[in-house]
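Okay, so here's the structure we're looking at.
Order as written gives the chain letters A, B, C and D; numbering starts at 1 within each chain.
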Amino acid sequence: MTKFSPGRIFIYSILVLFCAIYLMPLLVMLLTSFKSLPDIRGGNLLSLPEVWVFDAWFKAWGTACTGVTCEGVKGYFWNSFKMAVPAVFISTLIGALNGYVIAHWRFKGSNLFFALMLFGCFIPFQVILLPMAATLGKFGLANTTTGLVFVHVVYGLVFTTLFFRNFYVSVPGELVKAAKLDGAGFFTIFFKIMLPISKPIIMVCIIWQFTQIWNDFLFGVVYSGSDSQPITVALNNLVNTSTGVKEYNVDMAAAIIAALPTLFVYVVAGKYFVRGLTAGSVKG
Amino acid sequence: MFNTLQKWLPKIILSPSIFLVTVCIYGYVAWTGYLSLTHSRFLPNFKWAGLLQYNKLMENDRWVTSCINLLIFGVLFIIISIILGTLLAILLDQNIRQEGAIRTIYLYPMALSFIVTGTAWKWILNPGLGLEKMMHDWGWTSFEFNWLVSNDMSVYTLVIAAVWQSSGFVMAMFLAGLRGIDSSIVKAAQIDGASMPTIYWKIILPCLRPVFFSAVIITSHIAIKSFDLVTALTSGGPGYSSDLPALFMYTHAFTRGQMGLGAASAMMMLAGVLAILVPYLYSELRNREQ
Amino acid sequence: MRKFATLASTLALTSAINLAYAGEVEVLHWWTSGGEAKSVGVLKEMLEAQGHSWKDFAVAGGGGESAMTVLKTRAISGNPPAAAQIKGHDIQEWADLGFLSNLNDVAKAEKWDEVVPAVVTNVMKFNGDYVAVPVNVHRVNWLWANPAVFEKAGAKIPTTMDEFFVSAEKLKAAGIIPLAHGGQAWQDATVFEAIALDILGSEDYNKAFVMHDDAVLSGDKMVEVFTVFKKMRNYIDSDSPGRDWNIATSMVINGQAGMQIMGDWAKGEFIAAGKVPGKDFVCLPAPGTDGQFTFNIDSFAMFELSNADNVTAQKSLAKTILTPEFQEVFNLNKGSIPVRTDMDMSKFDSCALDSMATFKASNTSGDLVPSMAHGLATTGYVQGAIYDVVTNFFNDPDGDPKETVTKLARVVKAAK
Amino acid sequence: MATLDIKQLYKRYGKSAPNTLEDINISINAGEFLILVGPSGCGKSTLMNMIAGLEEITSGDICIDGKVVNDVDPKDRDIAMVFQSYALYPNMTVRGNIEFALKIQKMDKDARETEITRVAQLLQIEHLLDRKPSQLSGGQQQRVSMGRALARQPKIYLFDEPLSNLDAKLRVEMRHEIKKLHQRLGTTIVYVTHDQIEAMTLADRIAVMKDGQLLQLGSPSEIYNDPADMFVAGFMGSPAMNFLHCSVEQSEHGLMGSLVCDQQQQHQIPLPEHLGKYAGKSLVVGIRPEQITHVNPYKKDKPLVTTLNLKLGVLEPTGPDTIALVTLNGKEISCRLDPDKPATMGENLNLMFDLSSAVYFDPNNEQRIR
């Protein structure tokens, strides 16, 4: 065990200071969600609630109004799952296949394709709102969960392909050759050899994609149907009060509820994230 | 027969993605490009206008402001995120107890969207509600922090919030990079008599060049696309002093019925990305090959 | 709400014949919370009582900006909602593009032309055909004041611009924020148009913001408008940028601030806080605009649908919106006045009655003007251009009124 | 066991690119152990990949058992390959690695078990079967990768520098194992290496390649003793063959080549008479270190043997021999001295040059003069 020299104490104090800074917004939200409305008006951001009340949480989950229905955010919570889970799964799978082809089955133009894809990361999504809407409309997918999943898959693809390609480039080509000689075909190699060793990068992809898709508002609001709106839309409706009293405690509770799944993913799978990044995805 | 199938399989597998990328990225960009040359207002129409929209854009004070803001915001955000991320990664790499917990704390802002944290941030930065009030309550009455409501400083609040959100991710990338470095290099340098700061500065950080590269790419894509951030924090205000191109584009194309102008601004953004990124990508990738 | 359930069921009986053709209406709106959401809830109940089903598509945020984006993408994807909350010039734009359906048959059956003033119906019509249904009329040029605060500071609640500045000075001296304001573009514009209405007068107001007359836009009067506007900045606290309007209202409610220039939706906030009009708060026309009326009309535009049952439901919706029953509930909740001039106003408070009286009077005097800040006066693009100039000037400490006026004329011309 | 014929094989990447392989013709008999040697980038790995079917053929034919397999998939060629990096599937146990190909061939479970047991016994890796590759040492991984190849019982084995990642001792051991295996199984093997001792010890025949061309194909002794050109001569043997550039003169003692030592002293060495046509010109004498020794009285009077008095440079005792460097014609020449006889650095010593088995090259085209 290392001894606590002045230098170590300095390092620890800096680390802890930054922890406090990073945690502040979350702390503000948490504290506020447990305060009553008068308490919020009276105290300051980081003061503890005078009385801890949990009403805001129940209201946010079950009875707050987000339009003409006043059933809180719980329904939207499941809508988000219905959208995020397939979208994450499909985009990760396609990204893995693409990365595998680009890294190990190169053909003329595959690198060009990769470069073009990279540029795709930089396109502001507002640009594609309307043409994508027209496309979805043509295929009858407008305002359906399927359509929303499709949109997320298309624009998530770029990132997952990038991640998997960078990971698979670091896998020696001889492995693929050996498998080919052993009689394995394209898919056998992919499913039996590549995929089993891809766990770290799959974790990175899932974390990244899940966060992106779960937190997305723009696609969620324009491409969802009235009964498939994701939780970010509900949260927006809840928070953007136009008349009436602004219930900050309910807003904050709802915001934390909306953030719980992604927070959970980061806390539980965070270590795989750094491990996955180490495994190659950061090597450009 | 099977033979040829195997040969074509990689292309077949990639082709849906190629198709999607071609249509849903480049096709749509081309469509937007075309739109920027039309008189489109409320919804797209195809009445040819030449470079009219671009001329209008260049004369638009708000557009100029938003471009300057992006430059300030982008440069500061990228530099601060990378410096802070590197610093935290180096500190965390010193056999820290509870490293996992600290790492998660640095990383969690990435998990939250500004739809979620926007209100909290607005409070914290607001002089009457947040940090300034808190400091006053605690007796430090001369404390002043009114960037959010100041014309000149509001764009820097965007930097603060954006750094808060993304520096943890940059930290994770650098931590991963540090873990990937051969420890014998460090030993060799120690034997050569180099101090730890020198080792980091002269040996380890240069080794992390590819990580810098990835970090620049990722943070610059976040900077260019920053939209939720501005809407949640300042909505471009006070006035339009903290407007960014992404917000400009959205506002004009969707709420003001100036789709042609919005399209033109989107094309300018893409051109800007190309102009800055392509030379950087090119030089980086060429350096690496050497 | 119970009363309306019974009311709705009587309505259901009268229109029982429609039950056979029960359809579905999807309604896009941005009334998501508080009194507004409840009011829309009533509309939903009334429609459901007629056997139709209501699909709610609520998108809040930024005075409908997000909702407009959604509407445009849905229209382009060929899947527009049955009804959408659209107002002012946007109705004309949508109709011009051929998206809206003709409501003339409903209008004729329900005699809309007779009960709704022409100023309102003109906005709802495209080429003489009804394409939208008005919900309410808001008066925008209101001044809301907290009399207790004025008493404490020994100031008089102002009725003219000169009085305003005298009182504001007194309030400021007493340590009270004179004017509660939220620094968002539309709120800046709301205050701006109130000043403009006073200084320019109704005629020149229309010339500037409806006709975009270059002479008025760049005239000396306009310079004065900007000068006064800038002066007003001194009586607003420095934390205002980004503040929501209802937060500003609550500052007036709890005595932190003396007054607010805001449309009559602000009344809802006072009522919700348990305040009584005339006693705890007063409403009076924005300084110098007595007898003038800046109107803002909320409306639902009806989109062309293919399913016949849904068209029936859509027409029922249109009809229901203009029934006196709904008009009463909705406007009581929202603070606005009904669009029907033949209504029994006994349930309405003094502010609303005052508003109604001015509405009717100004309709004939020519002092009834459309709100620029709320998209009734001009197109979205001109409105946006004016917003930019106004909000930038207001927040720029070095803003020069003369230069700004030139700029205003230039950008309006460019956007036209 | 199978024959492998490579006929007029060309490989080119891109239309205008230079040939990576040019006109390669090799016939490998059934059961033969062929070794491909050459410097890195000479095309030997490309050739290997083409035999395996991992790279496309630009033109020419590859035939296994007389049948053209140009368009046959790797898996249908019945070839096994052992890689330099071993290329073990990291997610599978040793057993899984060996079993993988058999499973794909749809061999039934019992047969697979038998086969795994056989191979494991053969390579003495029974105790490793349930481990993952990451838990194995380099030598063990090497054995597993051979086991994976053996289990398939293919017609032809390809070895791509299989021993180069092992330490010296292990390399020698494995070399013996491979030799024994070949003798026991008698299979056809193509083996790529850059280690010439491996080449000499293992091969039935050696193919020396350079810049995409096959320079010489022959038995180890042919390659060693009768090289076709200076490249082959210099490539095989350690220390490498010495090349002495000398001008040729016809003197009264017969044909002589003249050399200059580092003391600017002229030396003459005798040359065989058939080189007479080079009189007045220059040529390159190729002489192996073991042909420059202490004076051996027994050989002294033989033709084409001469003794030169030269100053010894660096001495490198290797145990069985001591390699001494001397400077001739401004170049360092290595000689193989008897370690039991005295020799010290800087000393002038009489060295016997036995030119009877020397080879001669034309300095212009580096080809052998016969």
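The rule is short, and it goes like this: a residue touches a chain if its C-beta (ideal position, glycine included) is under 8 Å from a C-beta of that chain, and two chains touch if they have at least 3 such contacts.
Every value quoted in this text rests on a predicted model; they were computed, and no experiment measured them.
Chains that touch both chain A and chain C: B.
The minimal number of chain-to-chain contact steps leading from chain B to chain C is 1. Most remote chain with respect to chain C, judged by CA-atom centres, is D. By C-beta contact pairs, the most connected chain pair is A-B. Centre to centre, using the average C-alpha position, chain C and chain D are separated by 91 Å. Chain B and chain D have centres, each the mean of its CA atoms, that are 56 Å apart.
Rounded to whole angstrom units, the spacing between the C-alpha centres of chain A and chain B is 16.
Multi-chain contact residues of chain B (touching two or more other chains) are listed as 6, 44, 129, 250, 254.
Residue positions 129-130, 132, 185, 236, 239 of chain A are each in touch with at least two other chains. Among the residues of chain C, those touching two or more other chains are numbered 62, 69, 72, 76. Of all residues in chain A, only 2, 8, 11-12, 14-15, 18-19, 21-26, 28-29, 32, 44-47, 94, 97-98, 101-102, 105, 107, 110, 113, 116-132, 135, 154-155, 157-158, 161, 185-187, 211, 215-218, 232, 235-236, 239, 248, 251-252, 255-256, 258-259, 262-263, 265-267, 270-271, 273-275, 277-278, 282-284 touch chain B in the complex they form.
Residues of chain C that touch chain A in their complex: 26, 29-38, 40-41, 44, 54-63, 66, 69-70, 72-74, 76-79, 81, 244, 246-247, 250, 265, 268-269, 272-273, 334-335. Residue ranges on chain A touching chain D, taken from their complex, read 172, 174-175, 177-185, 188, 192-193, 196-197. The touching residues of chain D, counted against chain A in their complex, run 49, 52-54, 74-75, 79-81, 83-85, 87, 89-92, 100-101, 104-105, 148, 152.
Those residues of chain B lying in contact with chain A across their complex are 6, 9-11, 13-14, 16-18, 20-21, 23-29, 31-32, 44, 88, 91-92, 94-96, 100, 102-113, 115-117, 119-121, 123-124, 129-131, 133-134, 137, 164, 168, 172-173, 175-177, 179-180, 210-211, 213-214, 217, 220-221, 224-225, 227-228, 245-246, 249-250, 253-254, 262-263, 266, 269-270, 273-274, 277, 281, 284, 288.
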